[in-house]
Each structure stands twice: as structure tokens, then as C-alpha cells.
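Two complexes, one shared chain (subunit A), two partners (subunit B, subunit C).
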Partner chain A sequence: MQAEKRETTMDRVSKGLARRYRRERWFRLFGLSAIVTSVCFIALLFVSIGANGWSAFQQTEVLLDIHFDKEQFDVDNLSTANYGALVKNSMQALFPDVTGRSDKRELNKLVSSGASYVLQKMVIKDTGIIGSTKKIWLPADDEVDMFLKGYISRDVAESARRLNDKQIGWIDQLVAEGRLEKKFNTIFFTAGDSREPELAGIRGAVAGSLFTLAVTLLLSFPIGVATAVYLEEFAPRNRWTDLVEVNINNLAAVPSIVFGLLGLAVFLNVFGMPRSAPLVGGLVLTLMTLPTIIIASRASLKSVPPSIREAALGVGASKMQAITHHILPLAMPGMMTGTIIGMAQALGETAPLLMIGMVAFIVDVPHGVTDPATVLPVQIYLWADSPERAFVERTSAAIMVLLGFLISMNAIAVFLRRKFERRW
Partner chain B sequence: MSPSILLLILLTLASFAYMQGKRRAFSLSGPEVGSSRLHSRPGYYGMLTALWCVLPPLIVFAFWMAFSDSILIAMAMKALPTSLQELSADQTNLLVNNLRNLIAGHVAARDIDPILQQVAEQYIGMERISQIALGVVMLVTAVFSMSYVYRRIRPEMRARNHVERIVQISLVLCSTIAILTTIGIVLSVLFESIRFFQQVPLTDFLFGLKWSPQMAMRADQAGSSGSFGAIPVLAGTFMISGIALAVAVPIGLMSAIYLSEYASSRVRAWAKPIMEILAGVPTVVYGFFAALVVAPFIRDSGELFGLNVSSESALAAGLVMGVMIIPFVSSLSDDVINAVPQAMRDGSYGLGATKSETILRVIVPAALPGIVGGVLLAASRAIGETMIVVMAAGLSANLTANPLQAVTTVTVQIVTLLVGDQEFDSPKTLVAFALGLLLFIVTLILNVIALYVVRRYREEYE
Partner chain C sequence: MESMSAVLTTGETPFLGAYSMTQEKVRQEDKAPRENRMTVGVPFVDDARMTCRGVNVYYGEKHAINNVSIDVGRNEVLAMIGPSGCGKSTFLRCLNRMNDTVEGCRVEGDIQLDELNIYDKSVDVVPLRAQVGMVFQKPNPFPKSIYDNVAYGPKIHGLASSRAELDEVVESSLKKAGLWSEVSDRLDQPGTGLSGGQQQRLCIARAIAVRPEVILMDEPCSALDPIATATVEDLISELQEQYTIVIVTHNMQQAARVSQRTAYFHLGDLIEVGSTDRIFTNPRHRLTEDYITGRFG
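After this line comes the complex of A and B, so read on.
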């Protein structure tokens, strides 16, 4: 009787077993596919940014024989000479059979409007070249650049593309003569922002980011460490410290744009600080990254074993001496790791900086924390909004630079953690 | 004297003070080795002298920064002819603004009032004098307070205790910054919001169905009165966040379960950092990716099925945002799943359950509060996320339930209203702060609930 019953239970179990195992396999597959999906997405993100951006590191340049005509220059006033005419003359010399105003204009459009500034700089640097003829590589227009990189197709109807058939004919001729080549894009790394894609660079944005981060680091690291030391080592358990802790945990989850509103209302409107300045950006980002640094620093302080504290106190150190001489040095790697991660967050942050006017179109490279500036992520946002095709690849390239910075910062943090992490 | 030079001088003075204090302590300690007569180590005497050299001038400096401008403006206004002094408050404000613009050199030459010009020049002159005065006062204070402490150095002076007291006070001050930040956030959004609600009733804002904040310049133009009903904006926000959570919760939860229950330690060591990369990518990059790749892809594949998809569809922004918050869900869920005691798993296996049955019937129910907390945190992240929606979602406030259409969100509206020209007396600018207040309150509530739930849960198993 009992044996029969056990058998029926086993029967029931084994009857369902196949179904249950199948379910188990499906569940496991589902979990695996979740991870694969995320990994695929990361791969897609990086590949698409890379595929769009790598070509921006090259820029098409055109080789022109520029004759620095003596008559064009006034020795006392070199900067006002008509440099554009020099470029035009040399283009004319290359294509003597192009006549007619509109054709000439189309022809001159092939060279970037920034070419004249290059010549201006050369002349001001060395007045000796006046009167001579030189072969000079000058930046080509962004449409030419796009054409050579294959983003503008010949097969499209003439009206649907930005270059007409004549211009393409000239380009082909220049390429055949070896006067049109893709070279390493130095402008992208040495220039500030510009409305012309071929003249736009990230130097201004990188400098702005560095100034902003410097302010953030100088303020948030000492304040964050001090707060963590106070809360972890000195603070009595009472309502006030509870309030501080709840506040820090909440601030860590407040949307970043709200910090931007705070910056706008308090730093700009109440304190009257300058708009678009890295100083204000740094202040806002300090408030934003403080919770991250405080939480990491507290965890790091907590991990220092109490025996070290007690030993120091035992040999007669004051509490402050025990902290500054023994606990802080041991907790420092963890604190620095937290700080670097906080700085990486601050480097990628965009929204609060939009609120305090760091979205202005700024050509000059900033030289101080009060100069108007923009930062790398905001520059990416600005370029992403621009309609020109050439800005798409520059946006992607700027993203690659930004990701490069972030990856190296995180790598340093991981390295610090590996190198100094101690298990007590 | 520029502030940076002043600071440099102060620092030099401080290091000089440190050395002097230390030397004096040494000389007072007497001939015997080990400076045994001193109460503290000599360095503390130096440090105390240096602190006293730096702190009082810095306090002076802070006061100057806070008050100099308003005092100077008041003095400049006094210099105006009496006819200009008896104006209403609004006109005085306007005058002060003109004056400030003039001083900063912002005004085109033609509309400069000669009297105002004169006052501005006076102001610039006074500003220079006040800066020089500041430098002198700071240096005198520094030297005076330094020499005061220097002369009071005695062997029995409790220098270490003094220094430690000062350091501890500064630690306390640093820890209050978190509270000051919160107060600052609340006050700054609250004040402007109150000004907004004085012009537009609260009920219109909270329950209005029409959102078009662009106000015309003249009253007789079309659309002269903006309408500030927040419902369409909120609906858009919740739709995009909903899509994001629909993507992130299953993927995040399943990957957390797989990583903590199935994966070998080698897979774990690889997969976890890769998942964390998702959290480290700046949101502006996601936004660019959404606008460049995902939105066109969705539009094109929609066309394949004959659907009319907006190129700024809520779906594209929501999907990408969902990917962004996967790591929040997965890392928090991972924590709570690992916190479930092994005994519960073993009990379930002992009864013959398969792994998936154990997970679904035992572990997930046990970890549910923590998972819910993680999801709430992710939701607050999604609602407050800005750059993805600014770049990939639309501006037009459609009240729709169709995820293929363009909708707008709270953060998008804040950005569009506050980037560019701002007038702090028009509801168009002020409504951004009201939206900010709304955003702050909603995310605060979500955060508080989430933190509470997570904490309660942790206590249960610890």
C-alpha cells in the first residue's frame, strides 16, 4: 500500500520532469540572452561611434601655389591684407579656363574660408615670405572633405547633393594632379569651436573641461574627505548627523538638472557670478559629485581596522593625530578611487552646465576659470545639433576623445584599487 | 591687487608664520633634548601661528565679497542727482541694472546717459580704491593676528588642542554643505515657483491639458497668453520612463539573476565590468546614439510595416534610456539576491526544486523589497534623465498614448526654456522652475521610498 503510493508520487514527479527541465533551460537561456543583449548594445554603441568618427581624424587638404604678391601687403598693417584674394588667384591659376562670376565662386568654394587665416598667420610669423611663391597645403571645404570620404555619392541627382557636377570635375582633376589629399587633422585638436566644420576643433572644449574639473577637484576632494572624516570618526549619533546622512544619500539621487537650476538661481542670480564660466560649472559639479566622494570615502574609512586606531590612541596619540597620521594614509587609496570615479562622472555631465550658460558658441580657447568656456560633453551636444554632415563625424570623434578620457580615468581608479587594496 | 596675488602673498606669509612659530617654540623649549618643556610638538605652535595668520584675513575677504558690491552701488546711487533718487522701487532697479551694464561695458555707445556715465566712472574708481583697501586691510589683519599669537607662545600653551579644535570646527562646517545644498535647491526652485504661481494659478499648472509656454510679445498676437498645463509634459515623461523601465527591469533583473545564480566566476569577472561600462558612458553619448542610430532605425522599420513613426519617437528615447538604467537595476538586484541566505536556497533544492523554480518561488520573493527599491531608484533616474530626451525626444507636447509619436518631457522643457535668453519676470522662464520643483518632489518621494524599502530589507537578513 505504502510502496504503491510512493510509486505514484514518483510517477507524478517524473511525468512533469521533462517539462520542468525544459523550463529550466529556457529560464537559463533567457538570463544569458539578457547579458548578451547588454553586451551587444555596448558593442553596437562603440562600433557605430567608431565607424562614424574615425574619419574625422583625417581632413582633406588642397595644395596651392600661393604667390605672396608684394602689392597686396602693407608692411605696417599685415593683418588687414586681402588673404582671400591670394587663395582665389592661385585657384584661378590652376583652372585658367574657368570664367564667369558664378563659376569662379563655385570654384573658390572648394577651399575652406579658413585658408586665408592660415596665410595670415604665416605672413605675420615670417614677413620674409612676402614676394615669394610657396606650395602650401590648405584646408579644403567640408563638402569636398565629405566627398572624398565617400559620404556624398556621385550617383545622386545633381540637385540633391551639395556639390554640382562641375565642382566634382574640378575635384577629380585636383586629385589626379595630387593636389587634394587626406592628411592628419591637426585643426581638430588645436582649434576652438567654429561654424565651419573643417575649422572646428575640440581644444577650447578640452581646456574648458580641464578648468571645470580642476575647480571641482580642488573643492570636492577636501570637502568630501573632511565630511567623511567627521561623519565616520567624530560625529555623535544624534538627530543632526542622521539629517546630514539622509541628505547626502538623497543628494546622490537628485537629478543632475536640478543642480543646474540651483546654480542658475543661486550662483548666477544671487551671487552675480559670470555666466558660462568654468568656475561656476566647477561649483555646480562639486555639489553634484560630493555625495559620491563622501560615500566612497566613508566606506574606505570604515574598512580601516579599529586595531590601528586603538594602537595609535594607546601610545598616546590624540584622536586627530591617530586620524591624520594613521587612518587617513591607509584610507587614502580608497578615497582617491572614489574621487576619480566622481571626477569621471563630472567630466561626462552635461545637463547642469546647460543651465548656467556653458552652451554659448565660444571660439576662443579659455585661459582661466572666469573666461567663458564650454566643456567637452556640451560641445558634443552642440555639434550633434548642427545640420552639416561633416559635424556628425566630428561629434563622433569628440565622443571618442571623451570616452578616451573616461576610460583612462577609470583605468587609473582600477589600477589604484588593485595596487593599494589591502585585505586586513 | 588681484585676488590671486593677494592669496599668494597670504600663503607666503603663512609659511613664514609657520616657521617663525616653530622656531619660537624651539627656542622656548630650553636646552634639554626632546623639547620636553613644551606642551605640544613644536610644529603645532607653527601651525597655530599660520592658521591665525590666514583665517582672519579670509573672513575679511569673505565679508568684502559679500557686501562690497551692494555698498558700492548704494554709494553710487547716492551720487545721482536728487531727481533720480526719488523713483519708485522698479525704476530704481532698472537704473541700477543700467548702471551695472555700463560698468561692465555692455551698453552700446549711443544710449549712454552722461550722468549715468559719470556715476559709472565714479563707481569704477571707488571699486579700485576698495580693492586696494581690501588688500591693505587683509595684510594688516594677517600681520597683526600673527604677531599676537606669536607673542603669546609659551611652553605651557596648549597649541595642539587649539589646532585640533580649529580643524574639527572646519570638519563640521564641511559636513553642513550637504544640508546647505539641499536647502539651496529647495529655496531656489521654491522662490521662483512661488513667483510663477502668483501669475498662473496652481490648479491650471497641475491639471491643465494644454502646454504652450511660448508667449507672444504683444497682447493682440495669436497665442498671446501661453498655457501652462503640465499634464501633457508629465504624461510624456511617464511614457518615456515607462518604456525605459520596460526595457531595463527584465534585462537588468535577468542578468543579475544569471550572474549571481548561474554564471561561473570567470564569466562574472568579465560580465560585471562590461555591464558597469553602460553606467559610465556619458548620457550625451547615449543621446547622440539615440538620435543618430536608434531613432532612424525605428522610423525605417516602422515604415516597413506601414506605420507612421515620428523621427523623434518616444520609443527611441525610451529604449536607449532603458539601456542606460540597466546597470542600476542589475547591480542593486545583484546585491539583494546575494544577500538572500544560502540556507533558503539549500532548503528549496532539498525539496527537489530546480534552480529556476528556486529562483522564481524562493529567491525573488525573498529579495522582492530590495528589487522594488532598485526599480524605484531606476525610475527616479529615468524621470530625471535629461540629455537623452533633449537630443532624441521632441519638443511638442502631445497628449498621446502612442509611443511612436513625439512627446516631450519635464527635463526637455526645463532645458529649452532656460537655455538662451531668460527674463525672470515672465512666466515662460519661471515655469521652468515650477517644473524643476515638480521634478525634485517626484524624484525625492521615489528616492525616500526606495531608500526606506532597501534599508528595511537589509535589516531583515542581517
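After this line comes the complex of A and C, so read on.
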């Protein structure tokens, strides 16, 4: 009887066993396929951005023999000299057989209009070069750049492309002479925005993003941590604190553009703060990231074992001592992780900044939190909107820079968590 | 309430005086019936360090401790035993106001430490907890070095004016806790890296480093193996010479081994108090007898 009963139990178990394992296998398979799919999509994203953007890190430059003609310069007013003429003269010298007025104009178009600014800077930096002749690499026009990078095809009808046959002939001649080369694009990292793609850079946007993030971090971290500590350790549990908690959770889900409108109404219209300033951007992003930081900080405060709290109180630490000596240090890795995730979110935020005027076309690199500025994602948005072919690759390159910042921020978050995590 | 405490402070047991006076074995039919919830035995001593009168504790609506009166004598080990949820830990935590940290916990009655009501508005819990130290059920060293664990209390209370003095306090505390020989060469190692028994002794060292008068121990050995338990029990007997110790335990053998007096709690009531020998050999309440003979618990 006993043996028989035993057998049936075992039979039943083994009957169900195959199904249990099959379910497990299926679950594992689903999980794996989900991960493989998402990895594929991420790879696709990275590859497409990389393929579009890598060429932006190179810029075609043209080698010209510039003669800094003494007669062109007025020593008292170096900035007003006709630098454009210097470029034109040297192009003329390279192609003496180009004579027609319109041909000359076409020829001069091969060099970027920014070339004259490069010369201007050189002269202002060192007036000693006036009177001499120097070989100088100057940025070529974006159409030339696109042609050399293969985005403009020779096979297309002349009317359908931005360079005519004559210009392509001149380009071929320059390449043959070794006067036209792709070089590392330093302008992209050192310049602000520009209408000319070959002169446009992300320095202004990066500086704007850093100033904005600095303001955000300086405000949101202390306020967020203090709020979390108060709510978690000091505030009584009653209807009011429940209401506060619900509202914080709600704020975390509010669309960011609403914070932008709030910033516009309060910071700009009521307090009269400057438009397009990283200060205001930082304030708006502080409002946006505070709920994230508060929620993460509260969670990490909650995860500190109560025994540590009791141990501190048990030897006679005051509440504040227990918090600052024991609970905060243990909760800090979680708080920092939450903060960095909030910062990464803020770094990628566009919509609220549009509302406070950070979408403006700003050429100058900002030097403070009140200078007009734009930020990286807004810069990407602006470039993606521009018609020139050369802005396509710059858009992708800017995305790569932004992704680089985001990845390094998340890496720092992981590193900090690993480094300061303590076990008990 | 006042008349109540007046009666209680006479030093006589409030009920069944005949039983408490008797020294010989109490006959079965003379034992207090199970329905009786008044304290049997001698809850009061002449030379009390802490006196508790009419203590009631509520968690919100729940009445966790019901009208408990008991004394803790000088340099004695008082064991509190009872089934789970009987309120012995709750009562222990009243003695240094650790219950203040529990939301919705309300304590009524009079608890005095050296003739001062610790629940008086003028009493600050910080110095109180320095006077009445606590060791918890689970060893809970700070995730810091062994040295910092012991030095933390003296540091925040300003008990040591120099580094050398602090070193001395740490050393003497670890020696008293019987841990010095095991850790003296690795004071900078994290306290969490020690074994369970060592961690608990470290917690005891941390508690005695602030030179308390009373040490409360809440099931200090429940997370330890028998060898570590024996070490901690030896330590308790040694500490008794200098400190007053109140220990909550589930382990009746332990109570018998380390304590001079034992208090039995049952569902929030203090059922019986007496010398440990007497409680375990000659209980005067049927509930106590049920518990120590293993009928429930």
C-alpha cells in the first residue's frame, strides 16, 4: 500500500516535470530573443550613426600661398582689412587662366568664406607675418568637402549638382597638386554654431550643456538629498506627507515640456531672467530631475538596514549624527547613481529648453551661466533641420559626442556604485 | 494611577503575598491560576538601579505591554523570558527609549533610572542612551573598521580628549568584551568581516565603550552558534561585576546560566518575577510552569 502510493506520487511529479522544464526553456528562449533583438537594434543605431557621422571628423582643407600684402593692412585697425581679397588673390595666382568675372566668382567659392577669419586671427595674433608669404591650410567650402567625401557624384547632370564641371576640374587640379586634402576637423570641436557647415562646431553647444548641467547638479543634488532625508527620516507619516509623496511621484511623470512652460512663465516672465541662458536652463532641468533624484535617494535610504540606525541610536548618537555618520554614507552610492541618471536625462533633454529660448542660433561660445547658449541635443535638432548636405554628417557626429557623454556618465555611475557600495 | 503606584512602591507584591513569602515548594493547587494576570513573586528589590511602575505600551491601538512594574537591581543580570510576541523586547526597548523611533508607539507609566524619570520631558535621549547601552539581536557592527566601531560612541560623546586616550578606551573595551586578543593586530579591518560571535562581542565592546550603567541585551545569542554563545555568556557573567544587565532571551537554559533574577512575560503581562533558581525550580504561576516545562513557547 505504502509503496504503491509512493509510486503514484513520483509518477505524477515526473509527468509534470517535462512540462515544467519545457516552460523554463521557453521562458529562457523568450528572454534571450528579447535581448538579442534589442542588441541588434542598438547595433543598428550605432552603425547608422557612425556611418553617417564619422566623415564629419574630417574636413577638406585647401593649401594656399597667402601673401600678406603690406598695403592691405592698417596697423591701427587690423580687423577691418580685406582678408577675403588675400584669399582671392592667392586663388587667382593658382589659376591664372581664369579670367571671366563669373568664373572668378565660381573659383573663389571653392574656399570657405570662413578662410578670411582664419587669416584675420593669424594676423591679430602675430602682426609680424604682415608682408610675408605663407603656405596656409584653409577650410574648403562644404560643397568641395562633400564632393571629396563622395557625397556629390560626377555622373549626375551638371544642373542637378551643386558644383559645375569647371569647378570639378579645378578641384581635380588642386587634388593633383596636393593642395586639397582631408584633414582632422578641429573646427568641429573648437567653433560654435555657424550657417556654413564647414565652420560649424559643437564647442558652443558642449559648453552650454556643461554650464546647464553644472547649474542643475549644484541645485538638484543638495535639494534632492535634503528632501529625501527629511521625508524619509524626519517627516511624520500623515496625510500631508502622503500627499507630498504622491505629488513627487506624479512630477516624475510630468512631460518635460510642461516644466519648460513653467520656467518660461516663472523664471523669464516673473523674475525677468535672461533668455537662452544656461542658468534658466539649469533651473528648469533642476525642476525636472528633482523628482528622479528624490525617489532614488529615498529608495537608497530605505535600503539601509534598520539595524545600522538602531546601532547608532543605541550608543547615543543623535538623529542627525546617525544620519550623517552612518545612514547617508551607506545611502550615498544609490543617491549618486540616481543623480547621475537624472543628469544623463537632463543632458539629453530638449523640449523644456526650447520654451526658454535655448533653441536660438548662437555663434559665440558661452563663457558663463548668463551668456546666451544652446545645448547639445538642441544643436542636433537645429542641424538636423538644416538643408545643407554637410549638416547631415555633423548631426550624426554631434549625436556621437552626446552618446559619448551619456555613456561615460553612466559608466561613472556604475563605477561609483561599485566603488562605494558596502556590504553588511 | 497614583494610588496604584503608591501601593506598588511599598515593596510588597500586590497579589498572592503568601506565595511570594513561601520558600518551600508550592503545591500544585496553590499555584496562581492561568487566568490570573497580576504579577506573582517579588518584582522589587531594595537597591534598585532602574524602577518601572505601571508601564503601559501601545502600538497605535494595540496594547503591547499591560501595567508592568518591576525593578532592576544594581549589578545584577535580569533575564526576561516568555513566548514570542509576549512584549519582552518591547519592554526592554522602553528602558532606553529606543521605542521613540517606532512610529505610533506610546509609553505610559514611570520608568526611573537612578531616581530620574527617563520619560520626563526634560530628559534628553542622547545622554540616556549613553547611560543605558544596548546590544541587539542580530550583530550590527557599523560597516567601518573594528577600531572605529568601538571608538564611535566615545567620539560623539567627547569621552576621549586625545587620540591616545581613545586608543586606551578602545583597547580596554575590547579587552572587557574578550575580543582584544583576537583582533588587536587588525583593528583597521572592517568589523563586518568578523565571525558572528566576534561581531556580537564587538557590539558589546561598542556598547561598553561609552561606559554605560545599564546594558540592555535583546536576544544577543540568538544568531550565534553554541560555542560563540558560550563565549558571550561568559562575558555577560564577567560584565555583571561592573554593569547592570537586562537580557531578553528565548533560551531558558541561558537565562538559568547567566541571570540572578528572571521575569516571565506572557502576552504583554508580567506574570512572575523571582530569583532565577526559584523560577526554574519552583514556579508559582501555572503559565510560568507551562512555559518552563515546555508546554508552550
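Basically, the second predicted complex is superposed on the first by the 384 of 424 C-alpha atoms of A that agree within 3 Å, B and C clash if a C-alpha of one lies under 4 Å from a C-alpha of the other, contacts with A are read in each partner's own complex, and residues count from 1 in each chain.
The rule is simple: contacts are C-beta pairs under 8 Å (C-beta built on N, C-alpha and C of every residue); 3 or more make two chains touch, one makes a residue touch a chain.
On a predicted model such as this, the values are computed, not experimentally measured, just so you know.
Visitor: For the three-chain model obtained by superposing on subunit A, do subunit B and subunit C clash or fit?
Guide: fit
Visitor: Based on the superposed arrangement, let me know which partner A:L313 touches: subunit B (first), subunit C (second), both, or neither?
Guide: second
Visitor: Which holds for A:R237: it touches subunit B only (first), subunit C only (second), both, or neither?
Guide: second
Visitor: Which partner, subunit B or subunit C, touches the larger number of subunit A residues?
Guide: Of subunit B and subunit C, more residues of subunit A lie in contact with B.
Visitor: Let me test your reading of the model: by the given contact rule, A:F259 touches which partner, first (subunit B), second (subunit C), both or neither?
Guide: In the superposed model, A:F259 contacts subunit B only, not subunit C.
Visitor: So, does A:H325 touch the first partner subunit B, the second partner subunit C, both, or neither?
Guide: In the superposition, A:H325 contacts subunit C only.
Visitor: Mind working out whether A:I380 is in touch with subunit B, subunit C, both or neither, as first, second, both or neither?
Guide: In the superposed model, A:I380 contacts subunit B only, not subunit C.
Visitor: Closest Cα approach between subunit B and subunit C after superposing, in Å?
Guide: Between subunit B and subunit C, the minimum C-alpha distance equals 5 Å.
Visitor: Indicate the residue numbers of subunit A shared between its subunit B interface and its subunit C interface, in ascending order.
Guide: 318
Visitor: Mind pulling up the subunit B residues that touch subunit A in the complex?
Guide: On the subunit B side, the touching residues are 69, 160, 164, 167-168, 170-172, 174-179, 181-182, 184-185, 188-189, 191-192, 250-255, 257-259, 261-262, 271, 274-275, 277-278, 280-289, 291-293, 323, 326, 352, 354-357, 359-360, 377, 380-381, 383-387, 390-391, 411, 414-415, 418-419, 424, 432-433, 436, 439-440, 443-444, 447-448, 450-451.
Visitor: Which residues of subunit A touch subunit B in the complex?
Guide: 13, 20-21, 23-24, 27-28, 30-35, 37-39, 41-42, 44-45, 48-49, 52, 222-223, 226-227, 229-231, 234-235, 243-244, 247-251, 253-259, 261-262, 264-266, 269, 272, 287, 290-291, 294, 318-320, 344, 347-351, 354-355, 359, 377-378, 380-381, 384-385, 392, 395-396, 399, 402-403, 406, 410
Visitor: Within the complex, which stretch of subunit C touches subunit A?
Guide: The touching residues are 96, 98, 101, 103, 126-130, 133-136, 138, 140-143, 152-153, 156-157, 192, 203, 206-207, 209-210.
Visitor: Sort out for me which residues of subunit A touch subunit C in the complex.
Guide: My answer: residues 236-237, 305, 307-318, 321, 325-326, 330, 422-424.
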